[in-house]
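Please go over the structures that come below.
First chain A sits with chain B, and in the next complex the same chain sits with chain C.
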Partner chain A sequence: MHVPMQTSYDEDIRLFRHRVAALWYALLAAAVLAAPAILGDYHLLQLSLVAIYAIAGVGVMLLVGYAGQISLGHAAFLAAGAYGEAILRAEGWPFLLSLPAAGAAAGLLGLVLALSTSRLAGLYLAIATLAFAFIVEEVLTRWETLTGGSFGLMVGRITFGQVTIDAEWKFYYLAVGLLVLALLGALNLLRSRTGRALTAIRDSEISAQSLGVHPARYKALVLTISATLTGVAGALYAHRIQFITPDQFTILMSVELLVLVVVGGLGSLHGAVLGAIFIVVLPQIIVMLRDAFAISSAYQAGLDAGVYGLLMVLFMLYEPRGLHGRWVKVKLYLDIFPYYRKATFRRQRLFQKSERLR
Partner chain B sequence: MTLFEVRNLGRSFGGIQAVRDVSLSVAEGEIFSIIGPNGAGKTTLFNLVSRLYDADSGQIVFAGRDITRLAPHRVVELGIARTFQNIELFENSSVLHNLLVGRHCRASTGFLSELLFTQANRRVEIEHREKVEGIIELLDLQAHRNAPVGGLAYGIRKVVELGRALAAEPRLILLDEPSSGLNAEETEDLAFWIQDIRDDLGITVMMIEHDMGLVNMVSNRVLALDRGQVLAVGKPAEIMENPRVINAYLGG
Partner chain C sequence: MQGLNDFGQMLLSGASIGCVYAIVALGFVLIYKASEVINFAQGDLMMLGAFLGYTFIGVLGMPFLVGVGLAMLCMGLVGAALDRVVLRPMVGQPVFAIVIITIGIGFVIRSVVIVTPGWGTETYTIAAPYAGGVSALGGVTVGNEHLAIIIAAIVLIAALYAFFRYTTLGLAMQATSQSQLAAYHVGIPVKTILSMIWAISAATAALVGVLLAPVTFVHVNMGFIGLKAFPAAVLGGFGSIPGAIVGGLIIGIVEALAGFYLPQGFKDVAAYVLLLVVLALRPQGLFGQTAAKKV
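Coming up: the complex of A and B.
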């Protein structure tokens, strides 16, 4: 069992609380860096996709997991980033400018949504975000001169001056690098005043306000940050799949992002990454199951949606803290063996059930 | 010297006049209790002061400044902190985290310095921690520092909420039924803490309280409220003997 002995307050603030944790992260970093040398292109592609989903996941996690606001419209921000990137690149912008611009475009859209929904909460907010996503999807389909309508847009390769991202491993490093930046930024915000204000709004808006937190301002801030990160992920996604159409950014994509944070574990950045792995691996599992049960591929779309919905319900019921919560429990079980009691986490579960959607 | 004043305050909900023409003034360094039967308008009065509700009429003046129309999130930075009747803590966070949110109004770190976690930001964080540790020591919360508040006993949650309000370094603290749900021993601790808050931290205390023992022990003055109106104001002993108060609240 690990008993920390602390001698300064800084130890509670720093990124790695103790040496053992730092060591594990160093090993993880080494594995991530070494992946291209070991894995083939197909698996690298999957890992890049994990990184892209995880960047969007960090964005959705800040909004849903930390600030307690719900969104069924994040596909719109992903689309804004993807289309922003595709259009700006076609205009000849360098990637170093077009990526931040695509993120900013999505962020601006998020700010507009935040300002227009500042008086809504819970289910009403969910419905407003859903409607917003439909509007964006419709605009993308109809504004043919800009977006190519339902024919879609081709997206070229990424170039930095002379360097072209023309190999799978280069794209992988780029995506992972951006994910690390997103995680660091999120961690820094979360261990500062802003992060505390966000969780305060989630748990009790009334007392947050009585302690000086301006709820509307922080909600607008977190939605803007969330949309920006999702937009950056969208830009990478556009390069990843090289051809974008409006029907890639439907409600199913929004639900996928929501499943990502719920399955990963609300209120944890580990959860965003675990959820991203889950979302990338799940379709492969579904295909395997489909083959095993000899289900016609004609049912694929319905099968996807059905499995997402089912898993979301099952996690909400049996593991509201998601994969990360399960991991924390397993770790505690091993740490204090044989003293683990099932009731240790009971209390948190009760709060999750009743207060999340308020 | 008068720190806080309410003049002819009124507020109604539908046809019910919850607070009717209430005036009161609290001197700096005073412990001022408000008593009254259920539905007398005590909590409504607190909610008006902390600006959760808008007043229909009247004025609220704090430290010479009219705060009747102030934005609710700005009340605490001027120096009024409060607790709630039914504890309103951040249930999923630790005690430490809850207290640190109390420091929100006492810093203005920029977004960029937080995003990059600069040395300046780190210094501010450590300063907050030092302040909060002082409060943890004052209220004997050391053992629960890292415990999630959702799992703590009721009495301790009450104390955490008091600590969170103190973390904001207020000049005036509003306590809404601080002793409700506490046992005799905890109530006694509370009485000492309330006096310490006033004597050591120099914070003026206004509290809504039903436990007449506690009210008698700590209050300088007591105000009795009934049906939104002031029945009487005075020293605890005077109020206990006031026939109108006995009739409305204490019972004959």
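Coming up: the complex of A and C.
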């Protein structure tokens, strides 16, 4: 078991808490780098999809998991990034400019939403984001001169000057590289004053306020950052699927992103990645189950919805900390064996907490 | 004169669809007031109720009113069961967790409807005895199915008002919604009351589902109308029953007017634009009550 012995305050905000962790991350990095040499194109495609979802997941995690603000409208930012990228690429912008621009477009949208909802919290914010996503979806469908309406838009390949991302492994490295940047950026943000302010707002807005944190300002900031990251993921997503229509960015996508962070584990960046793996692998498991039980594919839509819904309910009832939380528990169990107590992670009930009194 | 007539026509058809939003919103508000749970599955409960109504009336050939009553009864049981099995273990958990759970319940209900033999993703209709005819109200004509919705909404609201105002059970529910702890101390069985509120809420959802069937048909996606009822509930301030009704009517009428006077596409988002504007100006909704929290 590892017993932390801190000799300086810097150790609290160090990226790797101890050397063993750094070693494991190095091994993981080696595995990720070596993947194209071992895996076929199909699995690489799935892995780059995981990376894309994970980037969006980091964005949603910052907002939902760390700042505690519920969003039911992140599909709007994903759409903004995807359409921004598609349109700018069609205009002939180089990828190195169009990707940040697509992210910035989504971020701007997030800022607009944040400014118009800065006085909202909790339930009202969730519904405002839902309304916002519906409006964005409708605009995408109706503004046919720009977005092609429901006919959709073709998205070309990524090119850096002479280099074209035409093979699966190139796209994979690009997506994973951007994911690593997003993760490092989020880690750095979270160990700064801003990150601590965000968790303070999540835990109690009133206490945060009395400690000198300006809730509206930080909420606007985190929503903008979250939207930007989701927009970058959207841009990659557009390149990944090469053809985008407004009905890919409905409320179901928003719910999927929410499921991602919930199943992954709220309040941990590991959770964002684990959740992304889960979201990509789950449909394949459903198909496998379907074939195993010889269920007609006519029931596919119902099966999908049912498994998603059931998992959301079961995770919330039995493992609200998600996959990451389960891992932490298993690790602690092994670390302090045989002294693990069942009550270590017992949930606290907040009988006095009321949304109505703010 | 024609312009005025058009306006009246729009007002009436908007009011009838507004009544649907109002009743669904009422379902949200009842549950929210009593237990601070936001039931995102309300639209799907309505859809399930409509399918049950279709089965009783269309397939089993029961008389209309009996079928409606039976559908409401079944949905009441479903509502109470949901509260007992899924929501009760979540008492005292963060709002966020409960939001996710109710979204999940909605998905499960959709999946059950799709997988059930004889339901699936097809579109059905319920043969209501009054459907098809029109009534004239002073130069404005209105379809009987729209009129039925308006009348049912008025009756339902009056009945609920009387129930909450004059019966012991209704008063107990009011007390629970004001403070669960205090209600517990004066001997009100809070858990049973909560299950009953879920039952009432699900039963009203079934009623509105069946009433809506002649207008929009019975389909697995009809639950999305619940997403329009959200703006209605929020507009009225989530914890207020008169607010939900006024909010529903406002949304319905604004939508109808936007569909008539504005270019295509505005009809579908009018409710949400209105919602964002109201929230930006009055974060608590039009009728919301707030009190500052003591630290």
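One rule holds for everything that comes next: the second predicted complex is superposed on the first by the 346 of 358 C-alpha atoms of A that agree within 3 Å, B and C clash if a C-alpha of one lies under 4 Å from a C-alpha of the other, contacts with A are read in each partner's own complex, and residues count from 1 in each chain.
Here is the rule we go by: a residue touches a chain if its C-beta (ideal position, glycine included) is under 8 Å from a C-beta of that chain, and two chains touch if they have at least 3 such contacts.
Note that the structure is predicted; figures quoted are calculated from it, not measured.
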Partner chain in contact with A:Met316 - chain B first, chain C second, else both or neither: second
First (chain B), second (chain C), both or neither touched by A:Phe134: second
Which of chain B and chain C A:Thr145 touches, first, second, both or neither: neither
Contacts of A:Asp10 with chain B and chain C, given as first, second, both or neither: first
Partner touching more residues of chain A, whether chain B or chain C: C
Which of chain B and chain C A:Thr194 touches, first, second, both or neither: first
Partner chain in contact with A:Gln162 - chain B first, chain C second, else both or neither: neither
Partner chain(s) touched by A:Ile70 [first = chain B, second = chain C, both, neither]: second
First, second, both or neither for A:Ile206, with chain B first and chain C second: both
Touched partner set for A:Ile251, first chain B, second chain C, both or neither: second
Common ground on chain A, meaning residues reached by chain C in one complex and by chain B in the other: 206-207, 210, 347, 351, 355
Interface residues, chain B side, partner chain A - complex: 50, 52, 71-77, 81-82, 84, 88-93, 96-97, 100-105, 107, 109, 111, 114-117, 121-122, 125-126, 129-130, 133, 148, 150-151, 164, 168
Chain C to chain A touching residues, read off their complex: 36, 38, 86, 89-101, 103-115, 120-121, 180-181, 227, 230-231, 234, 238-239, 264-265, 268-269, 271-273, 275-276, 279-280, 283-285, 289-293, 295
Interfacial residue positions of chain A with respect to chain C in the complex: 64, 68, 70, 116-117, 119-120, 122-124, 126-128, 130-132, 134-135, 138, 141-142, 206-207, 210, 251, 255, 258-259, 262, 266, 298-299, 301-313, 316-317, 320, 347, 349-351, 353-358
Complex interface listing, chain A residues touching chain B: 9-10, 12-13, 185, 188-189, 191-194, 196-197, 199-200, 202-204, 206-215, 221, 267, 347-348, 351, 355
